[in-house]
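Going by the order they are written in, the chains are A, B, C, D and E; count residues from 1 in each one.
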Amino acid sequence: MILSLALEQLLNGLQLGVMLFLMAAGLTLIFGVMGLINLAHGSLYMVGAFACAVVAAATGSFWIGLAASLVCAAAAGAIVEFLVIRRLYDRDHLDQVLATFALILIFSEGARWVFGSFPLYLDIPPLLSGAVPLPGIEAYPLYRLAIIGVGALVAFGLYLLISKTRLGMRIRAGESDREMIAALGVDIRTLYTVVFALGSALAGLAGALVGALQSVQVGMGEPVLILAFVVIVIGGIGSIKGALVGALIVGLTDTLGRFLLPSLLGLILPASTAGAVGASLAAMLIYIVMALVLAFRPRGLFPANA
Amino acid sequence: EPIKIGLITTLSGGGAGLGVDTRDGFMLAIKQSGNKDITVITEDDAQKPELAVQIADKMIQSDQVDILTGIVWSNLLMAVAPSANAQGKFYVSTNAAPAALAGAKCNPLYFNAAYQNDNLHEAMGEYANKDYKKIFIMAPNYPAGKDSLTGFKRYYKGELAAEVYTKVGQADYAAEIAQIRASGADAVFAFLPGGMGISFMKQYAQSGVKTPIMGPGFSFSQDVLPAIGDAALGVKASGQWVKDLDNEANKKFVPAFQKEYGRLPSLYAVQAYDAAQLILSAASKASVKDTKAFGEAMQAADIQSPRGKFKFNTNLHPIQDIYVTEVVKEDGLLTNKTVSKIFTDHGDAYAKDCKM
Amino acid sequence: MLLEVQDITTFYGSSQALYGVDLTVAEGEVVALMGRNGMGKSTTIKSICNLMPPKSGRISFSGHSTEKLPPHRVARLGVGLVPEGRRCFANLTVHENLVAAARPGAWTLKRVNDLFPRLDERHAQMAKSLSGGEQQMLAIGRALMTNPRLLILDEATEGLAPVIRQDIWRAIRSLKQDGLSILVVDKTLSELLPVADRCVILENARSVWNGQPDALTSDLQDRYLGI
Amino acid sequence: MADRPVLEITDLVKTFGALRATDGVTLDLRPGEIHALIGPNGAGKSTLIHQICGTEKQDSGTIRFAGQDIGRLGVAERARLGLGRTFQVSSLAPEFSSLRNVMLAVQAKAGSSFRFFKPVMRDRGLIDQAMAILERVGLAGRANIPAAELSHGERRQLEIAIALALGSKAFLLDEPMAGMGPEGSKRLTGFLHILRHEAPILLVEHDMDAVFALADRISVLVYGRIIATGTVEEIRRDPAVRTAYLGDHA
Amino acid sequence: MTRENIINLVLALLLLVAPVAASQMGQPFTVTLATRIAVLALAATGLNIALGLGGLVSFGHAVFFGIGGYAAGILASHVFSGEPMMFGFEGSNQMPVIWIFAVIACGLAGLVIGAISLRTSGVYFIMITLAFAQMIYYFAISWPAYGGEDGLSILVRNQFPGINTMLPLSFFLLCYGVLIACIGLFALLRSSRFGAALQAARQNEVRVASVGISPYGIRLAAFVISAMMTGLAGALYADLNKFVSPSMLSWHMSGELIVLIILGGTGRLFGPVAGAMLYVIFEFALGGITERWQLFLGLILLGVVLFARGGLIGLLAGKARHG
C-alpha cells in the first residue's frame, strides 16, 4: 500500500512536471529564443482553453476544440506580435514587462466581455477518460498519461526545431543581433511573427489540454504564468532541455512536498497543525528551490549560451 | 426618505461570477420593491482589499452612503466593514462571515444576511455522523479553510482518515487524490471554493476513486455546477437555501430571477436578495439616520426569505435551517435537490462571545 | 553602375551624421572609402544597407532604388556586409554562423573553409569565445556565404595578425579577380591602395575627393587622412 | 632595468575543454618598459589579459602584482591595486558623456563611491581632474558627448583616458590602435612613449609599425606558449616568428 | 530652470494644492485619493532607486511594501490587544517608532534578499526577486497569528506627535512631507558619486568592475536603501487603509509599482509621482465609468509603452540627460 502510494505520487510528480513543461514550452521558446518577456503568455493559454471549450461545446467534439485552440491562439499571437510585440524587441525588459502586463488586462477583460464571468465547461474526451491500472499502481487516469505523451513529443519537436534546423539558427541569430541577421538578407520580422505565433499555439495547446482537467475561467492563466517562469528560470532560459528538467524538478518537488512535508511534521506536531504548517511550507517549496538553484547557479541549471 | 446604499462587489477578475450574482440578487429585490427612495451605487473591487477600502472611503466620504454591502470575500470584508462601522455606517454582509466579526468583535451596525462561515461545514459534519466512520477532510490553507475544517470537526464524531490543507489557488490535485485512494476513508469532505473545486471534481472523476464526496453548498452552487459537469453528480452538500425549497417566497423568487437574468440563481443571489429585503423592511419602519431604530428594525428581520424561516441571533448573524442537498440532473441541467433538513434554527458557535 | 549613392544625408535621431555623400561602385570595381575617424564612413555603409536609412538623397543598387526597402531586401539584391566590430552571432557555433543566412551560389561552406582553415578547425565552437581575429574571419566568411554581388568590408582587417591580414588581402584580390565588386574601408593605406581601383574620401561627413589611387598625392593624404 | 618586475606571471595555464588557451606562460613587466605581446589570432593574448585582470580564472600558475599574489582576487580588487586595462572591444558606460566616464574612474581611484550626498556635477575637483585627462588624450572637445555617440576611434581614446585616470601602476592595453586612423595611431604612439614613464605597459597589438616603434621587449605567443622573447631586432629576425606571425611584414 | 524641473515643480504643487482645496470645498475623498497617490509614489520612488538608477528590475518589491505594512499593523495590534509582542515589548501606535521598525525590518530583509538575488542578473534577477516575494506571500497567507489571508485591521490610525492623523488632510500632509523628503533623498543619491557608480553599473557592469568599483557592493547598498524607502511607504499605506493583508505582498502589487515607474518615466525624479497620479486617477475615474475599466487601463498602458517612451515625464520633458 505504502509503496504503491509512493509510486503513484512519483508518477504524479512526473506528470505534473510534464504538464508544467507544456505550459512553459511556448514561453521558453519566445522568451529564450526571441529574448522577450511575455507576461501575456498566460492569456494565450486562456485563449486556447476558451477556444477549445467553446468549440467543443458547439460541435460536441473535444478534438475539433483542440484544433480550434491551436488556431485561435496562434492567430491571437500573430495579431499581438504584429500590433504590439514587434515594437518591443529593441526595448529593454522593462518596457516588455509593462506592455505585456497591459495585454493581460486587455485579454482578461476582453474575455470576460465576450464570455461572461462564469467558468466554462470543458471535459475530457471519452476516448481518454477513465483510469487504467499500471504495474504497481491500482489505477491511473488515462488522460494524464496522454499528457505525458504529448509533453514528451512537444519537447522533442522543439528541441529539433531550435537546435537542428536552419530556422532555429536564424531565430537564435536574431536574438543575438537582429539588425545583423536582417543585413544578411533574412526576413527576421516575419520570422519572429511566425515564432511568436508558434509559441502562442503551444500556449493554446497547453490551455486546452490542461483546461480539460481544470477550471476554464477568466484569470486561469496567471498562476500558470508564474509557474512557467519558475520552471524556465530554474532550467536556464532558452534551453528546451532546461525547461524540461526544470519542469520535472518543480513537478516532483511540489507533489512530493505536498505529500511528505505534512507527514514528516506529523511526527513532531499534532495532526492538524502539522497539516497546516506542512502545507504552508509546501506552498513555498518551489520558490525556495528556485532561490537555491539561482543562488548557486545564477543562470539556471542549463544556461542556453554557455 | 431617501437611502443611499453602496454595493461593493467583485465584478472583474477570477471571482467575478460571485459578484455578478450578488449584484443581480440584490438589485432584483430593490426592483421588485418599487421603492424609489433607494439609490444603489455599485462598484467593482476587483477582489483587491486595497481597492475595496478606497471605494468604501469614497462611498462614505463623497457619496455619503448610509449602508454598505455586497462584499464576497472575507479578507475584503475585514478591510472594509470594521472601519465603515467605526464611521457610523451600517454594513450588511451578503456572503463573507469571518469568525472574528461574529464573536468578540461583533458590532451593532454589522449585520450578516448570509450565515456564519462555519455553518455549512458544521452541517456536513453533523450529516457525516449518520453514514460514515472515517472521513478524509481537506481545505485550502488559509483562515477560511481552517475555519471550515474546524467547523466540520465541531460536529463530526467519527475518525479522521486525514486532514489535508492544499495550496490556495491550487489547480492540480493528483497528489491529494492519491492520498484519498490510499487512506481507506469512506467519504471525503472537501471545501474548495471557486476554480479549485471545479479542478478537483473534474480530476477526481477521472481518477477511478469512488469514495463519495461532500462539501459546503457554495462549492456546488449554481454558478460552478455547469463547469464541473457530470462529475458533480451525486455529490452531497449543505445549504441554507436550495432551489426547490417548498415555500411561497422561494416559489416567487426563482422564476423571477430566471426571468430577469436568464439563468438559475445561486446561493449568493439569494443571500444578496435577502440583504436587500432586510434593508427595505427596515427602511419602511425607521429612518436610516436614526441608527438605533434602524438597527432594531433590521434585527426584527421582518421579511419573506426564499430560505423560509429567517431570524437574527444576538450577534446579528442568522438563525436558520440548514439542508443537505444532492447534485442531480433536471432537464439536462445540473442543479441541487434537497435531501433532508440537517439543522433546525441553527445559530453559530461564536454568538456567546458577542457582548453588545 | 552597380551601386549609386547620390547626395545622401543621414541622422542619428536628431544629430546629423552625413551631410551629402556621393559614391558609385561599378560592376567588378574595388572602391576604397577613406577618411579620418568619425567622418562618416561606417554611417555611409549603414545607409547603403538601409540599417540607417538616409533622410534625403538617393541610393540605387543595380538599377533598383533601395528607398523604403527593409534591410533584408537590400541584402537580397546582392549586398554582403562585413560590419564594423564583426558582430558575429555570439550564441551560434561557427558552422551555424556561416550557414544561417547562406544563399546558394559559388560560395559554399567548403570554399569558405578553404579560404579560412581556422574556421574549419573551430567549426563547433560558439562564436563568442572566438578570438578577435577568428571572429573577423567568420564575419567575412558569413558575408561570402550569402553570395553577394557587392561585398562591403568595414575595417575587415582590424585586429588581425600581419600574416592573416596578408591572407585576407590576398583573398580580396582573388575576389576582385573573380569579378566581385567590393566597397572597402580600411586604415592601412599601404595595403589598401594597391587593391583599390578608385578612392572616395569623406571629410566632415561629405564626400570631398574621388579619384584613382595614384592621384592621391601625399599632399591630399596629409590634408584628409592626417598622414 | 634591474628593478623588480611590477607584474610577474609564472607557469600560467588555462584550458577551455580540450583547448589549452594558455599553456604555461611565464612573463614579466618591468618598471618603465613597454613589453609588447604579439602572436597570431587566437594565440591566447586576450585570454592572458583576462586572467591578469581577473575576468577569467587561471587553472594553475601564479600572478604577482606589486609584490602581492593577486591570483585569487576579484576584478575590482585588482583594479584598485592599480591594474589598468583597455578592452579589445570598447567597453564604456554608453549613456554617460566622455567626461562622466572619466569622472567615474577618478572617483573609483579615490575609493569614494560610497559617498551618497555631494552631487558630482558640482564637484570641481573631480571635474577638473577628468577634464585634464580628456585633454591629454585629445578628447576635450567631445567631453559632453555620450559615449554611445562617439565614433569607434574616439571610444578607443576614451578607454585610454579611463585607464589613465585610474593612475594605474601598470597598463594592460589590448589592441589600443585597432580602429584608429593613421593620424590617431601616430598620436597614440607618441602618447604611449610618455605614458610608459608613469607606469609600464603590457601592449597587445597587431599594428607592427607601432609595436616596432614602441616596444622595449617583445614576446611572441603562439598556441598559448611563448615561443620567443627579445628586442625588436631579435624578433624581426627570428624565422619562427616570421612564419608564425609576421609573414613578409618585417 | 530646465523644463523637467518646471514640470516637477508643477506636479509637486498640484499634488499639494488639489487636496487642500478639495478639503476646503468639503470633498474629503479627494484628500484620500491624493494620500494614496503620495504613498504609492513614495513606494515607487523607493523602487526607482533600484530599478531606475541601478537597472535592477525587482519584481518582488511588494515584499518590502508588505513588511512595512505589517510592521504598522502588528505593532498597533499589540497596543490594541494589550498582549506584549516579545521580550516584553508592548508594540506601538506611534508612527515614528513604527517607521523605524519598518525601515529596519525592510533593510534587513533587503540585505538578505539582495545579497542572494544580486548574484544573478537580468531576467534571472526579476524571477528570483519574485520568488522571494512569493515565499513571503504564501507564508503570510497561511500564518494564522496576524490574520493570514484575512488580513489585520488597524482600528485606530496610528499617531504622530503633534498631528491629528485621523483628520484626512493632516494625514495627507504628513505623507506628502515624507514623500518630498524621500524624493529629495533620491535626487541627492542620483547625483552623488554613489549614484554615478550605480548608474554606470546599470549601463556596463564590466566597465565599473574594471575601474575598481565592485558593482555587487554598490547594487546591494542601493537595493537595501530602496527596500527601506518602499517599506516606509508600506507603513503609511497600512495606516491609510487602516488595514494590512497579504495582498500588499502579492506579485500584482510588485507589478503595479513597476507600472507606476514606467508610466511616469523610469529613473526620473518625479516619474513615480506622475505615474501614481495617472494610475490612481485612471483607476478611480475609469472604475466609476465602466466595469470594464481594466480593459481601458490596459489599452492606456499599452499606448504609453508604445508611443510615449520615457513615460509621462519623458513625453513632457524630453529625453533624460546624463551630464
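Criterion: contacts are C-beta pairs under 8 Å (C-beta built on N, C-alpha and C of every residue); 3 or more make two chains touch, one makes a residue touch a chain.
Everything quoted here is computed from the prediction, not taken from an experiment.
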{"item": "For chain C and chain D, chains touching each", "value": "none"}
{"item": "Both-way neighbours, i.e. chains that touch chain D and touch chain A", "value": "C, E"}
{"item": "Far-end chain from chain D, centres as C-alpha averages", "value": "B"}
{"item": "Distance between the centres, which are taken as Cα means, of chain E and chain C, whole angstrom", "value": "51"}
{"item": "Inter-centroid spacing, chain D versus chain B (mean Cα positions, whole Å)", "value": "74"}
{"item": "Separation of mean Cα positions, chain C and chain A [Å, integer]", "value": "44"}
{"item": "Mean-CA-position distance for chain B and chain A (Å)", "value": "34"}
{"item": "Set of chain D residues in contact with two or more other chains", "value": "none"}
{"item": "Residues within chain C bordering two or more other chains", "value": "none"}
{"item": "Junction residues of chain E - those touching two or more other chains", "value": "138, 141-142, 144, 292, 294"}
{"item": "Interchain contacts (touch definition) - all pairs", "value": "A-B, A-C, A-E, B-E, C-D, D-E"}
{"item": "In the complex, chain A residues that touch chain B", "value": "1-2, 4-5, 8-9, 12-13, 15-16, 19, 108-109, 112, 116-121, 123-124, 129-131, 138-144, 210, 212-220, 222-224, 255, 258-259, 262, 271-272, 275-276, 278-280, 282-283"}
{"item": "List of chain D residues in touch with chain C within their complex", "value": "16, 38-46, 88-89, 149-154, 175, 178-186, 206, 208, 244-249"}
{"item": "Complex interface listing, chain A residues touching chain E", "value": "31, 37, 84, 87-88, 91, 93-95, 97-99, 101-106, 108-110, 112-113, 226, 229-230, 233, 237, 276, 279-280, 283-284, 287-288, 290-291, 294-295, 298-300"}
{"item": "Complex interface listing, chain A residues touching chain C", "value": "166, 169-170, 172-173, 175-177, 179-189, 304-305"}
{"item": "Residues of chain E touching chain A in the complex", "value": "51, 57, 59, 116-117, 119-124, 126-128, 130-132, 134-135, 138-139, 141-144, 251, 255, 258-259, 262-263, 266, 292, 294-295, 297-302, 304-306, 309"}
